[in-house]
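Letters are used for the chains, namely A, B, C and D, taken in the order the chains are written, and counting of residues starts over at 1 for each.
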């Protein structure tokens, strides 16, 4: 399993009442991502409101996503659970449903020690044959895993084989590279860092951007692959205002607003998260237009 | 409903396997708290691992706690939920079960705007007749509510009538006092701030300390009530090393270790949180002895 | 040397051109502080713009202040220097001029290790017989000294015998008390923490407040001494809005504006610090009126 | 004046007693930098302990540096002063001595408002014809200037024409680019960000690295210019451990230790900053060997 390039994060569409998952809309939005040269699809991540779904909904979204993607690219399922038991339950289900990778983030109420995080991953890893992408995003999960801890898990736990870091701290990527002698593939989850993470050696960019910007993210990846820094820089700065906007206002809110704007009818986020305001929708529309038109 | 003094937080005991709730041990530990002059009991809070329980467990612990306390003091049930829908479900259940107050903390995955927090509380408040204690603890919940927002909710939403703040920032208590003209009762949830919060006008101290220190917390409250600052200071500094320890290493882990040490057999926290290490248990034992012996 | 109560910080008045020190105005403002029951006077501190004065000006202000105070209360001279050599030069001059105490804060450009801070104080202490008050205020100096380091210096360096902490972190005061077994006298330099620091055992309050609030600070100290918590709380909350304001907008700027308002003609701060705006002066005036009138 | 590439920062050598400037050693170390393909020389910066020198020493170091460089590359003189008056005095002297650029950082004791920073720069700019590089480094200066403020000064004050940012926050560089429509040349002052800053469009890298790593920094710049990302990445990761080390332990301390190791005899930093410990010197030596040998 060698993942490279653009790993696209779909949202989870809800019907008008804001509660029921809309599987038809899910199907449509997944296909749209695939048309935009994405190299992998990662349902049920932060953008997919995975943490807000019931156990039943999580299974349904996972199953439907795997079915729609239908092996065209790898499917990476997101798992964000407070208890080890529930995370293991999802890992087993992911394998059963035919996912290619699971992306696991340890959500906290009580802060975890390094030892607790280690055993959390170890127990999940022992429960499945799937490759695991460690996902670090303290802003949402409340837990910040050091590069040292992550590389240690990579070196000692068999099916831990990738890391996604969303802190936006480029120095962490340097550390992944150095501490693992370049062996640990790392993926950037901070949108406004897309250009520099690739330059520092990131294997991929985990992003919602293809939902709203078509194949511009893929073009950026290609420009870096071609060592065309002038073009890469131009492509990055073109997308940057929108990338910054979606991070600032929250992914489910802004990506759903943008998709609705594009005619996809994906509903709004689950309460207490609210839909984008009229002003935010206007700003978003302008930023999308700007990026596409440039 | 006018709460004053020591609001005690029980843990949720698990059986040896670390999974099943031990209702007998729960009953015993609740009675022990009541013997130590606590003025209210708050099950299913942070210390009670409320966020780690299944919906069924939450109901069972709530029911059992209310039954054991049996109106000897008010019962405050903790609600920490990611979705508004689930928080409302618990609020209704709390009322149905006969709780006196609900303490509500808005847990985040995606950060919430002030407006989202406001509507979250408003919808929960509309679903129940119970008085609501707003609970602010960004270290566990990931959401930091400003004094301005909290006082605004207090002034505009009928059954929001108290606030518990665990940030340890005494300036927030000053703000509660000033912004509400002394009308909003505030409770301190930061153990190492117990003395100063009372001096600043806190109505109560929300604490696990009575689990491990008997009626010392109650004595501290009395000394402040009696304006005996010398005695209050002595009582506070006597408890402080232990208070700091339980905050530093996490409440479920340390309080369960301490109760086990005292012979209560309450099990260990739910995974991924682990039990206290042998070293931590030794330190804890020494600190408990020191406080009691002094 | 046992200092207790209110340690008042005068400003350094400048003439209309904003450059030359106005010694007559200095004399008048020092006498006004003494009339307000201050227990010590601390010229050339943060409020006194000590860091902004030339070496000659520093000496002149020191000499004049000692002369005006004339042993009515102890004089504590502030020293904030980047180099050890210059700090020693000032320490010697302070002793020669007849100061009672020096308050020393290690200013940083390059961050200092604990060992560097230790030797900085040790060398200064070796150069003078004066008692030294260690002053911790990372917000202005860029160096944050831990309670552990400060207590170690107190225990090992003869004439280090007091600490002023302006971080506003009450837990540090707890640490001073515990680590030194109550032997290290600590002083609070965070105005909005005045009440609680006294309750936690602070020997004194280092403050500009008597410049603008007459003997209200002294009354607060007395109320705590008399264990009249109700009165202490009332006196504190009465002063709090103004205390918060002067901290937020900066001491030289606001205290000079307030003194000018009271008719003292003390000029404005040295550039690049500017005088208070018209709006700020209006707010300040209202807050002073409110505190005095209450 | 169009600066590109490697802007080298010399240290200020002291004689054995740690006090007197060693002008011969200064001359030797400046020539060594020039032999390593540096594109500009910036004496009296952070690394040059400019803030720790007397007014007389500052002038002497400035004069000697300009004389030694002798127009081979531009000379950028560092000015870091607490008062506007002293900063102006240095700006005028820099012009008189024949400097090409001044790099100005507003040092704080009292925090400055945006308006105060603006007028600080405006007044300095009005006092000289020299181009000004705005220098933002809150870790040493205590003042953090936003990209918005810096771009506003660039657009409104004639001789403000470049910015050096040492925060290590790549997003600020994005902002400089966007807010000025690519017109404001920005320079990276955070060594461990060297690769990515160039990729994001930085005009240069302000660094002490050529003191210890010969022309490796220059090679990195060339590789980026040649769009050879593979080579640039290799060159960067080769230097990174040393770059991180000098930032972590402080520039004057580590660079002087490294130069002494290389046989330059530049003395130690001015007290209270101490020389590197034996352990630190061993680590440094190993890191230098590693980078050179690779």
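Please note the rule applied: contacts are C-beta pairs under 8 Å (C-beta built on N, C-alpha and C of every residue); 3 or more make two chains touch, one makes a residue touch a chain.
If you want to know which protein each chain is, UniProt gives these names: A, B, C, D = Dihydrodipicolinate synthase family protein.
Just so it is clear, the structure is predicted and the values come from calculations on it, not from any experiment.
Note on connectivity: the fewest chain-to-chain touch steps from chain B to chain D number 2.
Taking the mean of the C-alpha atoms as each chain's centre, chain A and chain D sit 38 Å apart. Chain A and chain B, compared by their mean Cα positions, are separated by 35 Å.
Mean C-alpha position of chain A lies 52 Å from that of chain C.
Residue positions of chain B in touch with at least two other chains are not found. A list of each chain pair in contact follows: A-B, A-D, B-C, C-D. Those residues of chain B that touch chain C in the shared complex are 168, 170-171, 174, 177-178, 192-193, 195-196, 199-201, 224, 227-230, 232-233, 237, 240-241. Taken together, the chain D residues at the contact with chain C in this complex read 19, 46, 51-52, 80, 82-85, 106-113, 115-117, 119-120, 123, 139-142, 250-253, 269-274.
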